[in-house]
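In the two complexes that follow, chain A is the common piece, with chain B as its partner first and chain C second.
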Partner chain A sequence: MSSVWLPCGDYHQNYSQDQGWWQTTLIQFKMLTLLAVAFIGCPWALPQDWHWVAWVFAALGVVLGLVKIIADPPRLKGEWVLFPFILAVLLLYRLPDYYLSVLVMIGYYSMGALGVQLLIGYTGLITLGHAAFIAVGAYVSALMVLYFHWPRFIIDAGLAYPISIIVAGVIAGFWSILFGLPSAKVKGFYLILTTMAAQFITVDFILTQYVAQIGGRGQAFSLPPGTIKVGPWVIDSDVKVYVMMAGILTLMVAFVANLLRSRVGRAWVAIRDNDIAAETMGINIVTYKLMAFFVAGFLGGVTGAFWLSNTAALSPEHFPWFLSLWLVGIILIGGVGSIHGAILGSLFMVLITESLQWGVLPLTDYYDEIANTLDPGRFKLMLDWLVPKLLMDFAYIKEMVFGLAICAFLIFEPNGLSYRWWQTKNYFNLWPFSY
Partner chain B sequence: METKITKDLTIPKLFVAKCRQYGDSKVAMREKEFGIWIPFTWQDYYAKVKRICLGLVSLGLKPGDKVAMMGDNRPEGLWVEMAALCAGGVGVWLFRDSMSDEVKYIIEQSDTRFFIGESQEEVDKGLAIFDECPKLEKIVWDDPKGMRNYKQDCLISLNRLMELGKTLDEKEPSLFEQLVAKGRGDDICLLFYTSGTTALPKGVLLTHYNMLTMGANLMAVDPCKETDDFVSYLPFAWIGEQMMSVSCGLQVGYTVNFPEEPDTAMENIREIGPHVMFAPPRLYEGMTRQVQVKHMDSGWIKRNMYTLALKIGYAAANMKFDKKPVPFYLKIALALANLLVLNKLKDHLGMSRLRKAYTGGAAMGPDHFRFFHALGVNLKQIYGQTEIAGIAIVHRDGDIKFDTVGTPIPGTEVKIGEDGEILCKSPSVFLGYYKNDEATQKTLLDGWLATGDKGFIDEDGHLVVFDRSKDVMTLSDGRPFSPQYLETRLKFSPYVQEAWIIGSDRKYVTAVMCIDYAVVGKWADDKKLNYTSYMELSQKEEVYNLIASQVEMANQDLPEPAKIHKIVNLYKIFDADDEELTRTSKLRRAFVEKRYKQIVDALYQDTDVIHMDTTITYEDGREQHIMTDLRIQKLNV
Partner chain C sequence: METFVVAMITGILVGGIYALVALGWVIIYKCSGVLNLAMGELTIIGAYVTLTFYTAGVPFIPAVLLTLVVGAFLGYLTERIFLDKLIGEPILAVIMVTVGLSFFLKGLVEFIWGTDTRVFTPPVFSIEPITLGFLKISPVYLWSFILSLVLLVVLVSFFKFTSWGLSMQATADDETAALSLGVSARFVYAASWAIAFMSAGVGGALLGNINGINISVGHLGLLVLPAVVLGGLNSIPGAIVGGITIGVLQNLAGTYLDVYFPGGVKEIVPFVFMTVFLLFKPYGLWGWERIERV
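After this line comes the complex of A and B, so read on.
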């Protein structure tokens, strides 16, 4: 049965309706608004001379509102009256570059966490080596952009990087299958160890010792300006990276959500819930497990390839084992077994660490100003030691917060943020009752 | 399409015409299965009915033969009924929870030749009586679950029956149309057994003309649209369900929806959101109770929002009842209440698309009536009975008084007999009781139907049904009171599921209460009271106090003679299986009075405890011996 809360009088006569994307106009409205915020609201604003366009939208909203009040045509739902106003506001304002770069980090972690979510949350295969596949994707893409002899017209058309993204995904997918093979035999705790092997064999051994040495420039690859190009656009500003991120993440979420609505997705969930029962139901669990590894590896590879456009440089240090752990932490906090969870979790983790930074930086500035006015003494000595230390050792603070956040979530909100989101929706769905 | 009812028209003829008209372009019915609402178009409906009909014919069904049917509300039920009618047969519906002896009585009395049961359960009941009913020839079953090892010769599956029909159809392709064309409006189409609060069920003979005119006249008052949805979940053996699913459904052509299981009916109604609804009061009472309980359990904000919105709703509803214009400020307040609470509440009850809701079959308390109007649900009273094909009198939109049942539908005349009895005359009045001329003569007086109810017509032309005449009571000092009215008042409390008022020819009124196990159980959980069974819970001191406080609250606005002096919590709920209720959930007063004589006697003696020693019967015929002590609680009057 449809898992969506349907209003009374809204029912399904076949399974394609039952699994539909937009089962109610409210859902359609929410999705379109989210897309409008992601693609219009955050990166763009109308130039001063074009502000009248926003006012036209607002006027359209007023007209729709009047039509709704006076004539009330059944096909004009209340949501659509709001939509022009939302568009108008989104057109007038945009986020500053700094916030866009924060959003890019959130997007990057969301993409990575999506693959982990697919393995852990939907297929029940616990992985602690996902950073390896991101790294494979990043290196494949970088090597292709730098060393592949592309025909001239492809470079001119700006297709080299987009093609390399796809290839990176496929190769990372196959690489992932290789390390998924043990899952045919081992489960749970032992599988964690085999996936950790993927991390160390791939990043610490193959990439660091061999692949990173290609070109003989030590460990770091740097991509010359202009090589990261999608069609006619060279990805060289925060806005463009942001739009890349928003586009790829949207496609990824749509891809995963669609997979989960399919036969494959149902098979994965069956394996997660009880692999023996799934097998008796006729699901070939090895095939489906490897398929899950392939798709997760593919998503990881694309994520890694996207990472290039953000950094324009590449080193194995970008993909430490801590990143694998971090991604698992994100889905624990976001909620295991939910696509929302991957995004909400990254949102939470990035915002927490960023806001710590916002706290620490002004604090040290402020302390520099007032330090001389304080009375000398043990208290001042302690502050003199502590405040610069906060800034210097910020990386450790980040890790400490990560640990604390996971502890707190496991104790107080074991189902993660997506459960909280679900409960919030339910509060209003059940209105004016509690159950 | 406006259907003209002539003496020549039959239900099957209308059915064939509708199937031709809509064909594959419109959904005739839906059934919820495997989580979705599987549609059947009129074309599918036609094909199924044709095969079943010819299948029955090849088993030897002749016009006028009785076909008994038993089962849940499913499309197959309607197909089978329509197929029997198409072949010129007479449909006899049995309540699904009927016990073997009831089944036997009806099958025997009606001379049934074919018995069609949905599943193993019905087949078992049929097989148990098969040898005792010589006229019964075949038992048809539909649901194969558990039927693997049934090898009796008298059994045949519905699929097999349809194959027989297909073979016959290939041999004689025009046979079905010929059979349908043979029917006349005066032919008997249904043999309905009245539930009867007093005696054995009587078979009511209804013709095609009866059924069709009744539907047409109701639709003349409250037209439905062919795009409407209707949910069929009440037993087909109840005339109200026949009226909505068959007579009105065919004439209007709206879609009939069948729930997944009887237990999921309420949820399924919410999904469909029907445009029209007809149910006996107990369904509405159940909904009210559910809302009241959920309200008590919700959080502070939600609780207060609800209370406020309902206050506004009641104020506006009272204005409408008094036929006063609703003032401007109240209209705005009502719009806000609708937006914030009431629309959502109706959504939960599955009433957000509802244009008309009818209640009939028993008296409904004014409290429940007002409650639904406060929500903005257009709830109307229907008055009628099986003998008049379901309905004779209904409230008109905007002219609703909760103490009346409304005004007659077109073609119906109502007058009050000399002794105050309500008499009705209409084209829908039945032919007579099957094999019971004595009862027919008592009921049919020169074409007027004696309803057995007392009442009067008020200044607005509304009929007021006082009560079943045998149920109007007087105290020993001659002061009258209406037990049904008191019972509906008591049932407005969410904690009370059933109430039985005693007091005829006694000094004062007393009541036997059945608590609502779920609601009181939850209340007890919250209070940390331990209990293991209904019996134990009902006898708790705290529960007694709770019920007493509810009754005392009701006592406050009751006139002096009707005030309730003593109550007893019964150790079980009244049940149709114990014959305490009719199958349509009306209290069989005379029977319970006999059965619980000990309690009645004790209530009018100076004692506090009743020692009970009795047996209760389960649906499958098992019996359980019960020994318990019941406490009597005196109330402050």
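After this line comes the complex of A and C, so read on.
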């Protein structure tokens, strides 16, 4: 059932309306604005002598506004008058590279968390080993790009990496099915253990001991510049990685959201809510559970393959058990059982750790300045020890904060950020009568 | 043959320590239904606390006893702060709180004690192996086994014979009935965490004697998970048998499989075994089979 608030007296009359992507013009406008911000606003800005394009858009907006005021055609909703102005602003500015790289991390975690969300939030299969499938995807893709003998024309067309992304997804999906097999018999905590086994067997054993040794370069696969190439573009700058991320993430979200509207998605939700009841309704729970594992593994594999474009060398240490737990933590913070949750959760976690960093760095600088003016004594000795340690052991503080954040969210806000988001949205949608 | 026997014996001896930690895990699960993934961190904390006392000049056995006291206090605190509010929440929430807890504790340990490997100096047990016929066993293993055996007996008899232990068993069996008979469930939960912290702490101290202490002792703490699954989640004898089985399996794998699969086969085998085992016996050896109805 759709959870969209329609204007008073406006009702859905059939199923396809109820399941529609964009049910009101306002929603369509908001989504298009979001996409425009993601694809145009963040990465690009017009060069100086092309600024007139933005002014053309602004003029178009003025024209639309005049048409709206004078003629008021019913098809031209008020939102579309605003849209050219927004585009004009987005064309003029872009984010600095640092913010883009932060966004890339957010996107990477969101992609990983989407697969986890599918398993935990929509099918009720708790997994603590998702990093294994991300790692499989990354390694399959890296091996294909580095060692596979591609026909000349594919390399020239820059198709090797895109093809390897798909193949990586499929292989990671099958690998995920392998570890999903016990889910036919066990659930709950026992299933958690088998997924943990997937993590340890795949990353700590197979990848570290065998796959990472291929080529005899020790632990890390270095990816020479120019190997990661999509079409004519070599992915070598923050902007290009960001655009890759935005594209893949958008496709993934669309894919998952569409899947959840289908028969498959409804079957998964039925299994999550009560698997025995689902079975009596004629759902083959083993098939659908394995299908969930496949899709989650596929998403994980694509995520891992994407990771190649953001790194210069690939090593099994990029995919520790910590990453699996981090992804589950993200969906818990974001909200279990919503696609927003995966994205809001990673936004929250990345921003928290980044802002901690911004907090600690000035603190140590400030302390260096004032250290000489302090009275020598116990207190100063303690600070002398503590302040440099804060900077040095920052990774551990990050871990502690992450752990506390998970605990706090589960205790005080078990529905996660997406529930807050939904409430805030409703407040404005129903304003001024939000009761 | 000789290598086989040596591997078996070493396995049983190390398995005794696993059994101790696994017992702590099962106690928490039995009494409060919490599936605890922070067991590895509890083990590390125990190891470091003992080490701190020991380096401060306290002899080993009193240091272990002090660790028990500190562990009981920390366990009580943990339960009160983090898990008290989650009674009756869904399984994922409770598990993930323990995961969050494990991150927090791990970060804390790394922040306080650093990540370098530390050893007990001077060594607690002599390095000279004890010779029994053709067997050569290093005293660390033997004494660890004996110490954990003693603690196992103490814990099991605590459960069987003291009124606290009995009230914990009653809560595990039927919480409502126990509440109506005047057992304080909150006390039981806190006590079970205190006991788990204590047993994990001693386990950590003993494991730390074998290879030195660093953050990877926590990975050994994770090995209790296959052990408890093997025995069935809510069975105390199961935890002991499971722990010893995992110890033996590990050592046999280290002896025989390491030739064919060089690398960390020792750490992986328990998990592989567990995955395959679950396919055939989903509830472990003595776990309660849950019959589900719609």
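Throughout what follows, the second predicted complex is superposed on the first by the 429 of 435 C-alpha atoms of A that agree within 3 Å, B and C clash if a C-alpha of one lies under 4 Å from a C-alpha of the other, contacts with A are read in each partner's own complex, and residues count from 1 in each chain.
Criterion: a residue touches a chain if its C-beta (ideal position, glycine included) is under 8 Å from a C-beta of that chain, and two chains touch if they have at least 3 such contacts.
A quick note: this is a predicted structure, and the numbers were derived from the prediction, not measured.
**Q** Report the partner of chain A that touches more of its residues: chain B or chain C.
**A** Ranking chain B and chain C by residues of chain A touched puts C first.
**Q** Regarding the shared-chain residue A:T194, is it in contact with chain B (first), chain C (second), both, or neither?
**A** In the superposed model, A:T194 contacts chain C only, not chain B.
**Q** By the touch definition at the top of the document, which applies to A:F433: first (chain B), second (chain C), both, or neither?
**A** Only chain B is touched by A:F433; chain C is not.
**Q** Check whether A:P7 is in contact with chain B, with chain C, with both or with neither, and answer first, second, both or neither.
**A** Touch partner of A:P7: chain B, not chain C.
**Q** Pick one for A:F205: touches chain B only (first), chain C only (second), both, or neither.
**A** A:F205: touches chain C, not chain B.
**Q** Applying the document's definition of touch, where does A:Y15 land relative to chain B and chain C: first, second, both, or neither?
**A** A:Y15 contacts chain B only, not chain C.
**Q** In the overlaid three-chain picture, which partner chain does A:L251 touch, first (chain B) or second (chain C), both, or neither?
**A** The answer is neither, since A:L251 touches no partner chain.
**Q** Name the residues of chain A shared by its contacts with chain B and its contacts with chain C.
**A** Shared contact residues on chain A (touching chain B in one complex, chain C in the other): none at all.
**Q** Write out the stretch or stretches of chain A touching chain C in their complex.
**A** 120, 126, 128, 179, 181-182, 185-186, 188-190, 192-194, 196-197, 200-201, 204-205, 208-210, 274, 276-277, 280, 325, 328-329, 332, 336, 389, 393, 395-407, 410-411, 414
**Q** For chain A, which residues are in contact with chain B within the complex?
**A** 1-2, 6-15, 17-18, 430-435
**Q** With touch defined as at the start, can you tell me which chain B residues reach chain A in the complex?
**A** The touching residues are 27, 30, 35-39, 229, 270-273, 294-295, 297-299, 302-303, 305-306, 309, 341, 344-348, 350-353.
**Q** Okay, in this complex, where on chain C does chain A touch?
**A** 35, 37, 82, 85-86, 89, 91-93, 95-97, 99-108, 110-111, 222, 225-226, 229, 233, 261-265, 267-268, 271-272, 274-275, 278-279, 282, 292-294
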